[in-house]
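Each chain gets a letter, A, B, C and D, in the order it is written, and its residues are counted from 1.
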Amino acid sequence: MLNTQLVEAGKRQRGRLLINGVIPFLVLVGFSLSPFVYANQAILFQMMAFMALAQGVNLLYGFTGYLPFGYVGFFGIGAYGMAISIQLLHFPGLLAVVMGGLLSAIIAIIFLPLLRLSGAYFAISSLAAAEVLSNVVSNSAMIHITNGPYGEQLTQSYHPVTSYVAMVIVLVLTTVTVIFIRNMPFGRALMAIREDPVSAAMAGIAVVRSRSIVWLLSALIAGLTGAIFGWHLSVFYPNTVFDLNISILAIVFTLFGGYGTVTGPVLGSIVLYGLYNAIGISDPQYFQLIYGLLIVALVLFLPGGIISLIQRRGNYVP
Amino acid sequence: MSREPILIFENIVKKFGAFRALDGVSGTLAPGEILGLVGPNGSGKTTLINVIAGLYYPDSGGVRSQEQDITHWPMHKRARMGINRTFQIPKPFKSLSVEENIALAYHYGRKPAMSPQQALDFVGLAPVKNQLALQLNSSQQKLLDLARALAAGPRILLIDELAAGLSHQELQVVADHLQALAQQDIALIVVEHHLGFVNQLTERVMVMNAGKEIFQGSLSRAAQDPTVSAVYLGTGS
Amino acid sequence: MFTYSLVSGILFGIFFGFMALGLNLIFGVMEMVNLAHGDFVVLGGYVAIMALTSLHINPVVSLVIALVLFFLVGLGLFFPLIPRLSNSRDPEMLSLILFFGLSQVLEALMVIKFGVNPESLPLSVFGNSSWHFLGQSYQIAWIVTALVSLVMITLTYVFLYYTSLGRAVRAVMGNREEALASGLPVKRTSAIIFAIGIGLAAMSGVLSPLMIGSLDPTSGLGLTTIAFAIVVIGSLGNPLGSVVGGLVYGVSLMLMQTYLSSWSVLVPYLLLLIIVLVKPSGLLGKGVRHA
Amino acid sequence: MKSTAILGMAAVLLSASLAGCGSSPSTAPSAKSIKDITIGTLYAKSGAFATSSMPEYSGLTFWASQINKTGGVYVKALHKKVPVKIVAYNDQSSATTATTLYSQLITVNHVNILVADFGSVLTSVAVPIAQEKKMLLFDQTGTGASFFTPSNPYIVLTSLPTSGLWPTSLAQYLIHKGYSRIAIVYATNDFDQSQDQTLVSKLKAAHITPVYNNGVPTSTSSYSVLLNNMSHTNPQAVIELGYPNNDIAFLQALKASGDHFNMVFTIFPGQLPQLFVSSVGPSSINNTYTYPAPPLLTFSHVNYGLNTAQFDLAFKKATGQSTNFLSIAGYNTGLIIQKTLSTANSLNQLSLRHAVSRFSGSLSTLDGTFKIDSKGAQIGETLPVGKITTNSKGRVSVQFVTSPNS
């Protein structure tokens, strides 16, 4: 009896792992093949970047409850870390991308104390931190390192195909990371912390360390994405990579799809970024209006995002 | 009580602004011993539990356990050395299932410990193990707190007002359970308003008032103590 | 140079204290951060600009119009949105997201209605005379703004401490559960405070073009951040705390513009981070996590 | 398995949303089969650059409608006139969005001619894309010096000199007037800070050190305290270098302060006089100095396209908008494209670029002489300094204090 139960559970587990594995596979195949059928790589590239960012937001908000309005700070730092590595250290593009991710993680260590805050305090303070980063980078006092307000020109390292491939890889790795975290005890522990940090600590979970790990991971994701994004643009100003709308869109995509799942941010990015390109370009204010109303409606009627429509009936969604 | 104490707290002072919630409280606890912590509302009982569990660090004084000064240890480290607790207002992980709640503590807590299934059976929540914690009623949630603490392998268990809201029969069951735990050498501090319940559990009590210990000894002697009856028994339940 | 920066910092600070007042009240009573606060300030500014340019209505009159109009808007928003939120599992976080959505909606509507160009009120709207103090002269518009702000802050203070409704508000701020248990009309009190908070935001918005130069539909989020910093620097729910926070902000901003001008945009952000990270216990209150 | 259904749904949505983004690719049409010349460009209907981008776009569409009235543009490679079609998207002043849209124009719409949006920020992202896709970028007003490199033949600046060159005549004038106490406040962005650098170094070469030279964030909207600080240095000349919003805020604060200086200089009243008249009032720009651009600056010798007076009339009649510098710049871009098409032997992008070099220096439009250097940067047009006079009705005129033809 018990044995059959275990076997059943084992089957279910394997089934779930399989379904989970399908998502990064679809992402990989979809974004690897779509350039051959659809010529505007830039749209595909940005959809991937937003999907990775949405997963980063998902990790942080979905698993620890910190809503990072200033998430773009890590993105921008990643782009600048990459650019500085190319300009001053003469690193090749891919290594420079890694440096961008690392610099972003280092900045995240400096801002670790932000995790002492919660709710709105954290959300708005992270925004303030991003503004500080952006203004430090663009200040003329930093001109010898960041080129200050003049922005970065990396035309000598411009390589759209390699940077596209790099983005596919980072996106797939990000998705796999989220799957791992969601399905490991660590992910359950994070949800416990999110529910009740005191109880979680009493269950033996290292609350501060677990949160810090997620914080660094999500900073790394944003940093790598920003670095590849900057590389793909190869010409950017501080405002381009520290544009607050980048955080806002990543958050909206995550909330819309459903946080705390793997599928939610993927679905949110595809649907809303698609919508953005369909209607946002000609009448962007209507797109803003639509997603603003969507958020209000979601909070009131469907706080778990569209994924929760499926979860509601007890279905498992990766 | 000749055994080495497993918990020693000395001269604990905890201030909130100008208010001294704990004003120099000391005590010891041996394995398998049950200490009843009683006193009127606001006398500092829960604050003392919080200091021992690590939710607050004291402003002065120290907490020792198993040869270590744990005064400034974070909560999870204490949990992993075997200090655990329940909460006055239960704090389960509401969106996780009952079983997942307990399994987490088993995974991250001290070993050896009761397995999740044993803990479920022990507190009698096995029939509802697949429900979400938020679907439980409040006394079930309290039992879930207890089961979670047990799955974390406690050597010292701090029980904060488990009795409130339980029926007479449930009380009896809980008291038996706690005594069974003490039999297994777990040391317990039981914060309780309900003196009858304390009486069922233990003879040894510590009475607190305004952040200070005003009596330590047997419950029956406490009843005769003039200070205790003035501040507590006279005005309390 | 120092005197001028200091005095104008104080004038600015009083205004910013007023600007943050509505956010402070709503946060204090409902434990919700109105992320659309800055957008209501901007809307108040547009009311004044439209009233002046198309109807020749003086901003002094617009102050009253904005207060009344947005008090009603506040009431209209409260009932469909807030009670539902208060009953949800995580009101603090969900309200933050809800107001974020509302802020996006308002910004989009403003772009549709008013376009994207910055708009302003002429600084000479209250006449061209100026105020001489310690050998410097200050624009009359600033003086009027600071005076109106002081009056409104004082009125709010009187309301909270000397009226029965105000006492109910403070009881709810002190402890929402206890207020509920003791039979206070918490929902009605919250509705009124919410409406007053929105009304005050719009009212301060009427004066805002005179202090911050110009407004455009995207100015809202920046103003919300400044207001939040001010509320955190001061203390929650206390109108006098807003004044303290406002003064700290105003004076720091002006001194920064004078001595380190290219960094001046960082002032609200740095102040906020310093307060929440370096002195979390005293000024932060509920923001600290126990774990 | 419900979950697989969800994944399937996601996949369908992905493909659907991609399909929504544009049609499937087709190979570029061969020159012979061309029915019209498509010109791809972006405009910013909202955001920081909308004020400048929209009139520039109007100027270009005005040119297209004018030329289509005559049966189209003469394309030498086809030996015939071909109608012009403009394909344009709104980038909302966002460089990120602009990236996808430039890419859309090249890879999906396969436009024949690529025209950048207004200004350096929105042009910047087009530069590497155009170079990589081997499309000649007609850069209208993106004056960042770093765009122009000897290794990149795929860019041509049609309208303004690179921003670092702008203050040349201003520095000359200040030195000529013998002003020794000069106060400068500039916005810390690419455009303004590079001008400050040039100006300060030119002044230093004449042994003048500014008494005040500070950068402020571009978002600065209140200049009162800054102005007070500047006036404490007793300057003879006060120079404010900013974007239009900065100039407006600065002039407002100046008016309110009642301060008076011998010379006050701002950049944009010379390009967007109507905006300044309506937002700060005619009196606040009266007697201030600026870089007068067309239409304030008119060129007597125009050998290609409409002259300023004709343009003013026709543009007003066609669009209902009044002329400003940017609408002229947009129209001028159209003229350059027109000349290019009528000169180039093929529609190959490099041969377009060679054609531009061939007529460089010989073309005089209402925007001045079109002349580029080997890197594609504009060197023909210069910005003189002028003093603005306004009457109470808001009519703006300019008196040149340096030679407009230097």
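Throughout what follows, a contact is a pair of C-beta atoms (placed from the backbone, for glycine too) under 8 Å apart; a residue touches a chain by one contact, two chains touch by 3 or more.
According to UniProt, the chain labels map to these proteins: A = Amino acid ABC transporter; B = ABC transporter ATP-binding protein; C = Branched-chain amino acid ABC transporter permease; D = Amino acid ABC transporter substrate-binding protein.
Since the structure is predicted, the reported quantities are computational estimates derived from the model, not experimental observations.
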item: Lowest number of touching-chain links that must be crossed from subunit A (Amino acid ABC transporter) to subunit D; value: 1
item: Most central chain, judged by mean C-alpha position against the global CA mean; value: A
item: Result of counting contacting C-beta pairs for A-C and C-D, higher pair; value: A-C
item: Chain whose average C-alpha position is farthest from subunit C's own; value: B
item: Inter-chain centre distance, subunit B versus subunit C - centres from mean C-alpha coordinates, in Å; value: 46
item: Euclidean distance of C-alpha centroids - subunit C vs subunit D, Å; value: 38
item: Separation of subunit B from subunit D, taking each centre as the mean of its C-alpha atoms, in whole Å; value: 73
item: Subunit A (Amino acid ABC transporter) and subunit C: spacing of chain centres that average the CA atoms, whole Å; value: 32
item: Of all residues in subunit B, the ones touching two or more other chains; value: 55, 75, 94
item: Residue list for subunit D, restricted to those that touch at least two other chains; value: 45-46, 188, 215, 217
item: Multi-chain contact sites of subunit C, meaning residues that touch two or more partners; value: 89, 111, 262, 265, 290-291
item: Residues of subunit D that touch subunit C when the two form their complex; value: 45-47, 50-51, 185, 188, 214-217, 219-226, 228-229, 232, 245, 248-249, 252-253, 255-258, 279, 281
item: Complex contact set, residues of subunit A (Amino acid ABC transporter) against subunit B; value: 185, 188-189, 191-192, 195-196, 198-208
item: Touching residues on subunit A (Amino acid ABC transporter), where the partner in the complex is subunit D; value: 15, 19, 22-23, 26, 30, 34, 37-44, 46, 135, 138-140, 148-151, 153, 155, 158, 160, 233-237, 239-240, 243, 245-246, 263, 266-267, 270-271, 273-275, 277-278, 280-285, 310, 315-318
item: Complex interface listing, subunit B residues touching subunit A (Amino acid ABC transporter); value: 53-55, 74-77, 79-80, 84-85, 87, 91-96, 100-101, 103-105, 107-110, 145, 148-149, 152
item: List of subunit D residues in touch with subunit A (Amino acid ABC transporter) within their complex; value: 1-4, 6-7, 10-11, 13-14, 16-18, 20-22, 24-25, 45-46, 89-92, 94-97, 99-104, 107-108, 120-121, 124-125, 127-129, 131-132, 144, 146, 149, 152, 188-190, 193-194, 215, 217
